[in-house]
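These notes open a run of structures that come right after.
Paired with chain B in one complex and with chain C in the other, chain A is shared by the two complexes that follow.
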Partner chain A sequence: MSLAQAVLQLAIGLSFGLLLFLLASGFTLTFGLAGFVNLTHGAVFLLSAYVATAFTGPGGYVTAVLAAGATGTVLSLLVYATTRLRWGRVLGDELKQVLLTFGLLLVFAEVARVRWDGLPRSLPAPGFADGAWRFADASFPVYRAFMAAAALALAAALWWLQERTRFGAMVRAGVDDRAMLEATGVSAGPIFLAVFGLSGLLAGLAAGLAAPVLGAAMGQEFSVLVLAFVIVVLGGPGDLRGAFLASLAVGVADAYGKAFLPTVAEFTMMALVVAVLAWRPRGLFGGAR
Partner chain B sequence: MNRSASTLAAAGAGLAVAAAPFYLDVFQIGLVARGLVWGLVALSVWFLLRLLNLPSFGHAAFFGLGAYAAGLAVTRWGVDNVFLALGIGVGVTCAAALPIAAVAARLGSIGFLLITLAFAEMLRSLAMRWRAVGGSDGLTGIARPGAGPLPVDLAGPVTWFYFTLACTVLCLLLLWAVRRSAFGGVLVGIRESEERMRALGYRVETYKAAAVVLSAGVAAVAGVLHAYLIRFASPEDLSALVSARGLILVVLAGSALVPPVLVAIALTFGEDLVSSRTENWLALMGLLYVVVALSGREKDRAPRRIALAVRRRLDPVPQEKP
Partner chain C sequence: MSKSPRRFSVGNSGITAVAVASVAVLGLAGCGGAAVSGEDSSDKPVKIGVLLPYTGTFGLYGKPMEAALKARLQLAQGRAGDRAVELVFEDEATDPAVAVSKAGKLLDQDGVSAVVCCATGAATLAVGPILAERGIPQLGPIPNPDGLKKFKTAAVAAPTAGHDAGKLGTYAAEELGHRTAVIVASDFAYGHEVADAFEKSFTEAGGKIVERVLTPLGTADFASYLARLPDADVTFAGFAGADAVRFVQQYDKFGVKKRMPLIGHGPLVTELVLKQIGPSAVGVGAGFYYSSTLDNPENKRFIDTMKAAGGQFVPSHFTAGAWASGSVLLAAVEAAGEHATDGRELARTIRATKVDAPWGTLSFNPETGYADAPTYYYTVVQKSGSLQHSVAGEMS
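Up next, the complex of A and B:
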């Protein structure tokens, strides 16, 4: 492999990693805050991506991304509402959560299969970010750079929300010790609602932003979910800083694996997990439970 | 239900299963055999969940590895002995489970759940693309093998059913014996307080990893039997649906050892009924999962939470968060 190829794959991996952060941050927040294992996260991504591909007309790109974000929010709130039917029973029992969210995952995936016949669909890149940059024997699509920039901006907004606002302080307190947060008079319900909505919004926006690159296809409900899992285990639950670093690492490992070991690309991911957990058994910043 | 009544019920149900060929047709015997296979998967999940409180969402990996190993043994390497095939399947799976077990043993229950599912899905997408193992077409033509020293012909549905039943009973006895053994006692100790067991000098990670490998071996037996039953191994065997089925069976069946097998047979018949009526049976299964998760009484949650809180106050050993 040439140096240009290596650099190209690094750039592709980093842009994908930034996108993965949008997906994993919502997952890690609901997980860290409510201890809630939300397996529907991948299916929310899938349905949002399919909705985004419906807006193929000129100037439809922004609409597509926003529609994907809205879809993600609605679906995530639907999951929250279902959970809320038996909140006391589902919260604190990860087996119940897994069954509940896996069931909803199957329903969501079936909806996508019936509505779009199980066929893969794509969204054209918008006019302002079409084409590719060429250097040496490699070419980097402009859209990927735009996607990375948009994802980075959203990540920065999330960081600001989490670190600089009262809402973020409550979420962080809830991740650390929910009982203590509630004891100080903060009602956890609205925070859960907001975090579920936020997590769906981020997953939906990620699906919309990724649509020109990944498109929408059955099977994504698992493939992106697995990457989110790996990120959460590596970064530690509820830890956005850990999730950010883990996302970049997973994105780069994924890109190099797919480029240089196309058949057995998954082994690079497994090797990454094994290596990191052997070095830091409790996640990058010591939080994995 | 008291103890003797439940033992009686289990014995009766066991007899009904053993006598199945006398009152069911060939197709239904196949369904019972498939139910027994799912029962084995449920048993292997049950073992880790009930003894170590480790919820595995990745037993499809071990199930599928067993199926693929048996399939490759028959179609590529010309193995024609069921015991040899079982040996290969279990051996390959246990070897592949070692790194997964080593990683997973370091994680708490939720981390274990996430990472097992991640590993299984990675194996599935690997199997989808790897032409040497059939790619997305899987391995076809897995003919049922000879029974070695035993004077039976496994090609027939009835003999195969009894062979599956015998394997299931042996695995059940094995897990029952392990639970009663000193090893099982150490596992329960680890479940109750990992820190204390470590302080007593037990190598907690080694015990956990050994339990994961044992459980993987049982799931591999199920995989081998399934591959021979339907004469086919495919990436579907590695999918999260298999893992989810194992987990839901355990949740449905409670904490005893025999019920998962019986529930598995019942669910297999139910799935067959639903999938013959509608194409969208997966969505219906999903709704079933949701209903199971939401149903039931909200019993003893509050007392248990209070007991936990009290124990945390009294207990000088730092408890890990659940």
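Up next, the complex of A and C:
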């Protein structure tokens, strides 16, 4: 592999990794804060992506991404509201969470199948980012660079929210020790609500930004969920810094895996998980709890 | 006038039986006492079971295929010759296990004389032995996997995917003048079948395969595979569904299309995915037995009938195959006459049937039971704002 090839694959991997971070950040926050395994995360992504593909007209791109973000937020809050009905029983019990959210996942996916006939759909890249840069003897689509930049900006905003605001401090405290947080007089309920909404917003925006690249198709509800799981396991639950590095690592490993060992590419990502867990059983940064 | 009483189906209750018997007697009397025996079985409709996916991954194909079969039957006024034909639909759920249990239901509860099955390859193969053992004909509506030929009662109304991909291999080497090719295909039964067939015929025609890449089913991002594709005269792709949409789009976006033309087996740019792929599909070539733009009277009749039925109808090989399966069954039931409910006899008749299908003349290979059909080469063009196939001709 030439140097140009290696750089090109790195760019592909990093752009995909940044997108994965948007996807996984919300998942890791709900997991870390509430100890809540939200399996609907992939289905929220799926429905948001389908909603985004409805705005194919000229200038529809921005609307599409915003609509996807809104869809994600609403769906995630819906999951929260459903959970809230039996909050006491569901909260400390992972099996019940898995059962409940798996059911909701199937419902969401079925809604997408009935509404869009299960057909794969896509969203055209916006005019300002259509085209490609010539690079070595290949091309790199401008939209991928734009998608990566947008994801990076959102990641920075998320970092600021987490590290520099009172809300972020409360979330971090909740991740570390929820009982202690509540003992200081902060009610966890509104924080959970906000984190669920934020998680859905991020998943929705990820779906919207990814729509011109990945489109919307049945099966994403699971494939996307697996990626989110891998990143949370690698980065440690609730750890945004860990999730960020894990996302980039997964994206780059995936790109080089496909390039060097195309036949076993599916395995390279899991090999990364095995290697990291053998070395750091609680995730890259030792886990948050 | 003797026809109308025969439309009544025979129910289980004695009252119905008496009513039907008396109506039949009246009918016979009306005909002036024609010499027909009392236990004429042709009074009963011939029941045909249809297993289609309404749920699961292929769930989208069930309803349109059902509509096509129903429309074909309606066009024949629900009759094959002088026998009424009744369709019984069940959901195979994209799942071989479900298909097997539904096949049992069709045989034991509905007493069907033939089963159209299935759109899911694995379901088709799973149901095969059950129907073969009971001597009930099985008719596959779409290019089903190679594996039904060991059952004498089975037939498939379409050529195998491998058959069409093989023709494309020869055509690519001999007519399109490609000397080297790269193969990229989905890493499951379908992808393997078309990749193997293309490779075999392309190399036999003097071509050389530079590299073969198999990608997991449901690959989200093909970028890394595409960025490293070696140079060749052409790329052959074996993808369907969402993989086809993403692959063709990304093949264009990463500038590979400018370097190497893209060809593939039909589903790569079928009517069902064409609009979603968008302008990236322009120029892509495909080898397949069906295209909605084929110019023949039966295709026109099929598309006109379906469009007249209303709704958003997108013609594809799924619906065309269901339509042609209907034609085959109607012709076979008529030809079998009073033997139509004898499974083995009907199966023999089906394999001997020759009908006009939306893709041309459809007959069955007497040895394998798979359809002998023409394979066309077409390219995607943009015409008056929409993407469509431009058929270059039949591949020999």
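Everything below uses one rule, namely that the second predicted complex is superposed on the first by the 282 of 289 C-alpha atoms of A that agree within 3 Å, B and C clash if a C-alpha of one lies under 4 Å from a C-alpha of the other, contacts with A are read in each partner's own complex, and residues count from 1 in each chain.
Note that a contact is a pair of C-beta atoms (placed from the backbone, for glycine too) under 8 Å apart; a residue touches a chain by one contact, two chains touch by 3 or more.
Just so you know, these numbers come straight off a predicted model, no measurement behind them.
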item: Which superposed partner A:134 touches (first chain B, second chain C, both, neither); value: second
item: Touched partner set for A:8, first chain B, second chain C, both or neither; value: second
item: Partner chain in contact with A:263 - chain B first, chain C second, else both or neither; value: both
item: Which of chain B and chain C A:54 touches, first, second, both or neither; value: neither
item: Which superposed partner A:85 touches (first chain B, second chain C, both, neither); value: first
item: Touched partner set for A:223, first chain B, second chain C, both or neither; value: both
item: Chain B versus chain C as contact partner of A:102, first or second or both or neither; value: first
item: Which of chain B and chain C A:122 touches, first, second, both or neither; value: second
item: Intersection of chain A interface sets (partners chain B, chain C); value: 223, 262-263, 266
item: Chain C residues touching chain A - in the complex, by the definition given at the top; value: 57, 59-60, 187, 213-216, 218, 220-221, 223-225, 227-228, 241-242, 244-246, 249-250, 253-256, 259, 272-273, 276-278
item: Of chain A, residues touching chain C in the complex; value: 1, 5, 8-9, 12-13, 16, 113, 117-122, 124-125, 132, 134, 137-141, 143-144, 213-215, 217-220, 223, 254-259, 262-263, 265-266
item: Interface residues, chain B side, partner chain A - complex; value: 49, 55, 57, 99, 102-103, 106-111, 113-115, 117-119, 121-123, 125-126, 129-131, 239-240, 244, 247-248, 251, 280, 282-283, 285-294, 296, 298, 301, 305, 320-322
item: For the chain A and chain B complex, residues of the former touching the latter; value: 31, 35, 37, 82, 85-86, 88-90, 92, 94-100, 102-107, 109-111, 114, 222-223, 225-226, 229-230, 232-233, 237, 262-264, 266-267, 269-270, 273-274, 277-278, 281, 288-289
